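Two complexes come next, and they have one chain in common, chain A, joined by chain B in the first and chain C in the second.
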Partner chain A sequence: MANVSTAHAEYQQENHKPEMAISARNINVVYATPTGKIPAVRNVNIDLPKGSITGIIGESGSGKSTLIMAIMNAVTKPGKIESGSVILNSKNDLLKLSSEQQRKIRGKEIGFVFQAAQNSLNPLRRVGQQILDLGRSHDVKDLRGLIKYAKELLARLGLDADRVLASYQHELSGGMRQRVGIMFALVLKANIIFLDESTTALDMLSQAAVLEIIRELQKEKNLTIALVSHDIGVVADLSERIEIFYAGEIVEEGKTSKVLSDPGHPYTKGLIQAIPRISGDIDAAEPLKGSSPDFKTYQQPGCLFYDRCPIRTDACRESRPELESIGKDHKVSCFRVGADDRN
Partner chain B sequence: MKDFLIRLVWRIFSGLIMVLAVASLTFFLVRMMPGDPVSAQYNQLIMQGMTPVQAENQVRVMYGFIPDEPLGEQFVHYIWSMLHFDFGQSISYEGIGVSHIILNAAPWTLILVFTGLVASFLIGVLAGVMAAIKRSSPFGTSLTVSGSLLHGIPQFVMGLLLAYLFTTLWPILPFGAPYDSSIDPGFNWPFISSLISHAVLPVVTYALSSYGGWLLTMKSSVITVLGDDFILASEIRGLKSSTRVGYIAHNAILPLFTLFTLSIGFMFGGSVFIENIFDYPGLGNLLVKAIDARDYPLMSGTFLLITIAVIVANIITDFLYSVVDPRIRR
Partner chain C sequence: MIEIKNLEKTFYIKASFSNRKTVQAVRHVSFSIPSGGAISLIGESGCGKTTIGRMLCGMETPTSGSIIIDGQDLSTLKRKERNRLLQKIQLIHQDPYQALNPTHTIQQMLAATLKKMARQKKKGPEWVRQRMDELLRLVGLDPETILFKYPHMLSGGQRQRVIIARALTVEPDLLIADEVVSMIDVSLRLGILKLLRDLRENYNISILFITHDIASARYLGSNTELYVLYKGMIVEKGYTEQIIRQPHHPYTQALLSAMPILNGIEKPGKDRFVLTSQFKQSDTDPSGCLFADRCPFSQPSCSEKRPELVQDGDSYHACFFPEVRNVAAESV
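After this line comes the complex of A and B, so read on.
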């Protein structure tokens, strides 16, 4: 009986699964270097449910930016996507479309705000001209309407729209360019938006303001957002689901509140402990021990986090853990889930 | 607009100062040359039987100053006559004004070198873009190699080779002289077509031997731009490839723009080898003859022309650059 009821519950859960805007499976990206191929993203599965914000957290070099570039099929040399599929809106595999079809999806269906959004504009053309270039590339008939919508977005982002449209990149401040970058991602009314460290270069106040606007727009237009960041605070604040990235793999995923309040992976715990609190002893914040993985880390068969793990056992050196469910919508890849990490 | 005028006036003024400085330098160089050509000329005229007064007048006519005068006074005289566009008279072309000779030679150089320069620039820029985009394919590599290789062949070797191929082996093009001497010069079709057919070989020689420089510069410039963030951004925003190529080309050509306009200035120095091989009476040939004949007034006149051309080209570049690159505008 018990079996039947759990099966039934699972069946129901299955039925209530939200529709996926993007469903990426088995993504593998390698970088060819003189010392050999370095895996940047390994066997990653990731789902972006429609109308939700998903945070992707990881330290610099963990492969999180490479992952979203792979989802866009825009990995730059010497990187190469070795395998995987990216199903868009439960229909096409993005990676298998012709390059012209891919081009039409980029910008039009998936908006992208860059890590270096300050430099994402052609320095020799006015912002307005570049919006028109974008519109013409995507066969927008009503260019006047496009400009009008761009102005609306810019005004919402707190900019003087007319001035910005008539400006060159060098006439705008870093914060302004960042917001112009966000406008470019939204102006064609894409439903899926990738934000790759898009607010990292801003000061705390501007960052908060921009994130607030993103949250508003997301609710209003029911956007699907993937938010890549190394700032756990930003992700905690905004996202419903969270993916913890380490050494090219997802080591923990689930509802943000769940993962942050009850982290399963020692890396996630370490990340949370490393956050200094505003009140209380500053020394209570504990930095993660050890250094980021290098190419030697990938060559051994064991857990990639072994070198830095406070709860490792010898068994961790033998084989690599896989993502396993430890609760409702909460997966962790660790053999030692639940083990006390203070021994 | 007011700022623009102030800048223009200031640049023209400083340009004039520069011309004056170079003219003075040329003057003193001529005076300080071993053997002192001015007094040598003076002495030679006296030995030819002229009276000192006649010789003095003759030298004054040639150089614009009198050798017996103190250097300072000579200098003032020289500058004074220069300000009146009087550059003295040639020694080798007896009694003909230097400015007259230069004005006659300049068109030949302009036809030749200007056409060659524009042709090599266009070929070089287009091939450079291709070589940069296809840089990992055999086609891109061979483009680059062809540019460096042809760039390495001296102009006179290239010129003689082409002349041999197309006037002797396959005599399809005329050789020597800028036009057929049996045709009366004038604004009529036989003359113009003769001009063009005679210009083909020298222009092609010039273009072939100099497009490599443009190609290599353009290639590296394009590769630099390809690595810029906004090019990746334009790809991820799904811009059409024609739009993207436009973005790349516009950004990559900026450094070449300066080089090109400066080359137009230096063009007034003529192209010695090509003018010599194809027997064009242009500025390059003129300069060589002037040096051969120790024709100092003609030499300093030619140098002055090159100086002025480079300075003017510089000023024009400065102003045009702010048109093509908005970041320079103020």
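After this line comes the complex of A and C, so read on.
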């Protein structure tokens, strides 16, 4: 019987693609500047399968936050979404809805936790009052129930719920604010959560605790999570699939363990080598060459990683590689996949 | 050689008109940094590691204990003499975005102190220019492109390098690096850590490395000593690699367990545990072990008496029930 069910599960995995909570296609975002348009996000396709954690890794300036904002249709000027579609739960295209419909979806279906939770809380109102504000703006009838659920979540996050609801944001520590931010993202029972550098400002112990809580809540409520960070460690710990983002494009994607153990793109390899790790040979660690992508990087015609790449050839300068499959569920955009970079 | 003996710091917080609350930020901390040596202080936010750094560079006065620089006790010196000694200790802040004056170019910033140094050394403007180039090259920046830029034109990593160059203008003996890499992208951290190690090994500058991330402490060189702080008290000390492999104190183990696992190239240690309880600054000082209320392995006797830092074989720790646990991630 057990064999039959595993066989069935395998069959399902192979023949039925998992349902997508969010399916973004051909997203293009440009920033208009006096010197011309800068393509901040170029032809990005990204899928968030229901009930899974997807990690998005990129350096500062790689456009990862712009991508998330584009998925939420919240890109601010001078940025502009030029084309693309974001299908939510195989139904609505987020980019085509009216702003009122979008407002309703944000919060109720999509939750968002920002990097600096202290900047997303109102300093003049107590946390409890802000939950009520949120409830009213989303036409929640049962406000008492909302507060009750918020208390439940806060307790779940390891906080003293009554104290937190009666506090202003300055009375909470960094770790507590971040947990309050997660509570706000979940309180309207959103199923899709974006975490944009949500643990970056925390110290190791609070970070580990917050990650553990996210992991538990995800399992319990079958949430779909997109985890955005520059810290490959955090992403690798939590997510099933990762997308490596560089200068506005996805350069590698696949299962986390596969991408980390057998990276295809020289950028991914460099990133993995460049992180201070607790295990492994210290001398094997090598800082990533060059500097983070800037506006000039975005405008070059060839491969975006050209100026930092250890295995570049002349062809890389002239044309840009496309994302191509190099194995099961593993895509890389590089002309020189498999080339030896040890010279 | 910089020595710290029994350093203590108590902060007084006015809670209301009648009672005063005290927070014991640093308790009986002693260590010495030989010239060209390095020490890392590890602990979570609020453990007193920054306070130690601030006391060392004269921004905070110790409640008791002494700071001895080259055999001279700071507290016994006259102000002028003390300031001269303190110049040998330079602090590098965590936030490279706030530590630079946005209205000054890098050249103006470095020239300000270098001109003063030139007067002391009786050197001309030519020396200032040379020294500026030399220092920027030393920290891995190209003087020609960087000198006339303003801070907003630089990335976080570049700013941190400029700040290190600025600290080096006064030719310090000790750099206090307070969370210098935590605001910088992970991909650029190693570059800064390598620079600090290079300064140590080639220019004999000592480093006091303050961090919450044990992994980055590994990259300062193999003979770096690690001090684990909890609520202002040293709970474990030893060489970095040794502590990572054989942590005795449960708090050290919690810190090591908190490191994210790189699935695919690392596997978690078999005894890994995650501490979900939060750090609380208690109003009253417990009589027992400071970590007892959060410790997953605490025994009833732990909250009766406080353990002291004792030597146990070749390790030092403050725990009544020490046990080596295998918590750090391992390479696959």
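In this text, the second predicted complex is superposed on the first by the 324 of 343 C-alpha atoms of A that agree within 3 Å, B and C clash if a C-alpha of one lies under 4 Å from a C-alpha of the other, contacts with A are read in each partner's own complex, and residues count from 1 in each chain.
Here, a residue touches a chain if its C-beta (ideal position, glycine included) is under 8 Å from a C-beta of that chain, and two chains touch if they have at least 3 such contacts.
Keep in mind that this is a model prediction, so the values were computed, not measured.
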item: Fit-or-clash call for chain B and chain C when the two complexes are aligned on chain A; value: fit
item: Partner chain(s) touched by A:Met176 [first = chain B, second = chain C, both, neither]; value: second
item: Partner chain(s) touched by A:Ser120 [first = chain B, second = chain C, both, neither]; value: first
item: First (chain B), second (chain C), both or neither touched by A:Ile87; value: neither
item: First (chain B), second (chain C), both or neither touched by A:Leu205; value: second
item: Angle, in degrees and to the nearest 10, that opens at chain A between the C-alpha centres of chain B and chain C; value: 70
item: Which of chain B and chain C A:Arg136 touches, first, second, both or neither; value: first
item: Partner, of chain C and chain B, that touches more residues belonging to chain A; value: C
item: Closest approach of chain C to chain B (Cα atoms, Å); value: 8
item: Footprint overlap on chain A, comparing chain B with chain C; value: none
item: Chain B residues within the chain A interface of the complex; value: 228-230, 232-240, 243, 247, 250-251, 324-327
item: Touching residues on chain C, where the partner in the complex is chain A; value: 44-45, 155-158, 181, 185-191, 193-194, 212-216, 218-219, 222, 244, 254-266, 274-279, 328-332
item: Residues on chain A engaged by chain B in the complex (per definition of touch); value: 72, 74, 76, 103-108, 112, 114, 116, 119-125, 133-134, 136-138, 168, 170, 181, 184
item: Residues of chain A that touch chain C when the two form their complex; value: 59-61, 158-159, 173-176, 203-209, 211-213, 230-234, 236-238, 256-261, 270-272, 274-280, 282, 285-288, 291-292
